[in-house]
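This is the structure I want to talk about, given as structure tokens.
Labels for the chains are A, B and C, by order of writing; each one numbers its residues from 1.
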Amino acid sequence: MTSSTRALGVLAVALVVAPLALPPFFLQLLTEIAIVGLFATAFNLLMGSGGMVSFGHAAYFALGAYAAALLVKRAGVPMLLALPAAPLAAAGGALLFGFFIVRLTHTYFAMLSLAFAQIVFTVIFKWKSLTGGDDGLLDVWPPAALKSPAAYYYFTLAIVALSLAALHAVGESPFGYALKSARENPRRARFIGINVRRLQLFAFVISGAFSGLAGGLFAFYNGSVFPDFAYFTKSFEPLVVALLGGPQAFFGPLAGAFGFKILEWLVSRQWPVYWPLFLGSIVVVVIVALPMGFVGLAGGRGWRTRLTGKT
Amino acid sequence: MSGLSVGMFLFLVSVGMSLIFGVTRIVNLAHGSFYMVGAYLMVTLVEVLPDRPWAFWLALLLAPLGVALLGAVIEVGLLRLIYHRDPLMQLILTFGLILVISTLVLLAWGPDNKSVSRPEALAGSVLIFGQPFPSYYLLVLGLAPAVAVGLWLIFYRTRWGMLIRAATVDREMLGALGVNVAALYTQVFAFGSWLAGLGGALAAPTIAVALGMDGDVLTTAFVVVVIGGLGSFAGSFISALLVGLLQSFGILVFPAVSIVLLFALMAVVLVVRPWGLLGRPEQ
Amino acid sequence: MADSTDRQDLVLQTIGLRKHFGGVLAVNGVDLSVPPGDVRAIIGPNGAGKTTLFNLLTGDLTHDSGRIYFAGEEVSGLPPHQLCRRGVGRTFQITSIFRRLSALENVQTAFLSHHRRHYNFLTPARRLYRDDALGLLELVGLHEQARKPSGILPHGDQRRLELAIALASGPRLLLLDEPTAGMAPRERHEIMALVARITRDTGLTVVFTEHDMDVVFTVAQRITVLHQGSVLTEGSPAAVRANPDVQRVYLGQPTSR
């Protein structure tokens, strides 16, 4: 058993046992960490493996959250049936937007993805009759059995764990190899027969779907959904989290989520207004001060781990 | 008509963003924030200046200059340090600036909406084609094309403008020829910020000055720039008009539809010309 | 000229290929016929149009007029990934590989794509086509370097890797763009000898451009000489070498050889 597998095992045990030791507040924090970790890992399928940095991933998070919430509130669908709608709706949005976005690269890719996310935000905001607009949708709770912090924590943990396993499999699959090759050298990828645009669209949809699932989980955790789930500041989150943890390692985003959420908790409880300022400043300072930017970007860490053989 | 004026604000912001990108190759995501600061500065200036007819005009003059100063400070203090870096890092940094600036605005002006009254001279309305229009729009509709013409004159008829055009093509060469490229960058960034600030200051009497202005204008500016093509001034102008018109037209028909129209337009353009109507492909 | 039945026999054929490039008629009515198993060198002095012609063959440029046939079917305007599926492989003048992937992964990915398994989301790819990939790596002499990140390999090894990647796609025609560029003389002969051996063993057809005349005359079975966008002459190495027009174009005057 390698050291990383062992570490994972210890972590898994700790997570399962946590409700026995931790007060509800920390369980809730862990639940949020898991959700953000899923969101960031889904995002990182595109960034780390695909070399595509989306500045508008909140769109899919929000589509998922609202799809599930709308089904529960407007159609009376039970939560367990509504939740699967989250990844489906998000995948649909990702397919529609992604079709256009993957035609571009780098800066244009980022900008267009941001533009689409803002469009989603504006639609949610303005379509008051359907989405409740600025007021959001309230009383979006899980059924009684899952309502307690510990119960929802386990529920989220299970779903996130399964999702991460799926995303991991995708990364290690032939599709993952092809995606990485398209990242490394799109021209060469084409000349071994890969339709790069189509491949990247698939990756975009998968990434969007799991982002939507994270959104759905968050909707029921939060008990309500609001338009700012789609706002660009939300799009910033998976980006910063993934960069913080290291995009070339599969569990990097999850680790980043942990650090990010703890930091957010510490800062927000003292000075809630200052959190965006804090976050923005940290980002600015880190980018300016560190030559490599955040740890692990541009394959720095990935390079090293390759050579040393560790995962 | 209001669509045209909205288009004018957009044009000012977009052309500023395009200009900055054209020369420095940085997409300033905080450009919407500059627009917002311009509007808020307008609020304060109008409050602070004596209640005289010329106060509005002085404020309109000073607010964009304030934003230009902010832009210059950011360029010298931060952007200079990252010009050589990965464009992604630059994007993230300007994204971070959005958060910083919006919080600072919140701290300085508070969470409530503000407003700016129109100057007396333009407080009424005029009849155009039998329809009443706020006179203020005449200012906007007059000023923005004047700015466009002014920009053209600057870029094509002055030495400074020639330097800027040269910089968009080959910065290194320019430096090799002894031009102080660093100073040029600062000037360009300040000028682009000034344009955004002017857009915000001009817009202030027509909309609610509130937090979140930065996001609204950024979105639409993005759409404008994506449609028109990054780095193309003519593209920004044409698409700003298009987008402004579509938005207003859409709002008349059905509020939610305007955004869908925008999306449809963007989609159509991107399928036919992925880099915008007049944009250049990335290298 | 060849009629359609002959066309089927030719791996590559161009008819009246024309391309304006930068205001110059870079390729001016080039007719090319490459039979199966041929090792064809395209040479010519600088400005003769070989790079442009090559880029037309690989689909990097679209021609103004004329037609390109691969195995009897017209392939003008096909996107690269479809060209590859038809059986055309290529290497690039500046080595084009997947730098952060290991040499093994590079070749495996090519196999995965070739066998159309690249939309498989769930199977771990690590073991797939590993033996096939190792076999190819051994063929090009990179067996030792299989696990190393390909970006750190020396230039010559990267070129060998690129050859392996191209071969993994099972091409019928291999287009090599200045295959020995940047290589030391001994390496050049090694890699081209390898190419020659592969064509002998598998019947692969190769078309390549080259500046190094030593390599060309050693390896090529037939040579097409371009001059100012048109075909000056075509023939066996010996015939081309003795051709006075060729000598004049390259050296300025006929030489007695």
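List of remarks:
One rule holds for everything that comes next: contacts are C-beta pairs under 8 Å (C-beta built on N, C-alpha and C of every residue); 3 or more make two chains touch, one makes a residue touch a chain.
Nothing here was measured: the structure is a model prediction, and the numbers come from that model.
In terms of the stated touch criterion, the partners common to chain B and chain C are A, listed by label.
Relative to the whole-protein C-alpha centroid, the nearest chain centroid is that of A. We define each chain's centre as the mean of its Cα atoms; on that basis chain B and chain C are separated by 51 Å.
Inter-chain spacing, taken between the CA centroids of chain A and chain C, is 44 Å.
Inter-chain centre distance (chain A to chain B, centres taken as mean C-alpha positions): 31 Å. Residue positions of chain B touching 2 or more other chains: there are none. If you check the complex, the residues on chain C that touch chain A are 79-81, 83-85, 89-90, 92, 96-102, 105-106, 108-110, 112-114, 117-126, 128, 149, 165-166, 168-169. Residues of chain B that touch chain A in their complex: 27, 29, 78, 81-82, 85-89, 91-93, 95-100, 102-104, 106-107, 215, 218-219, 222-223, 225-226, 230, 255-256, 259-260, 262-263, 266-267, 270-271, 274-275, 282. Taken together, the chain A residues at the contact with chain C in this complex read 169-170, 172-178, 180-181, 184-185, 187-196, 199, 202, 206, 299, 302-303, 306-307. Note for the complex: chain A touches chain B at residues 53, 55, 100, 103-108, 110-112, 114-116, 118-119, 121-123, 126-127, 231-233, 236, 239-240, 243, 273-274, 276-277, 279-284, 287-288, 293, 297-298.
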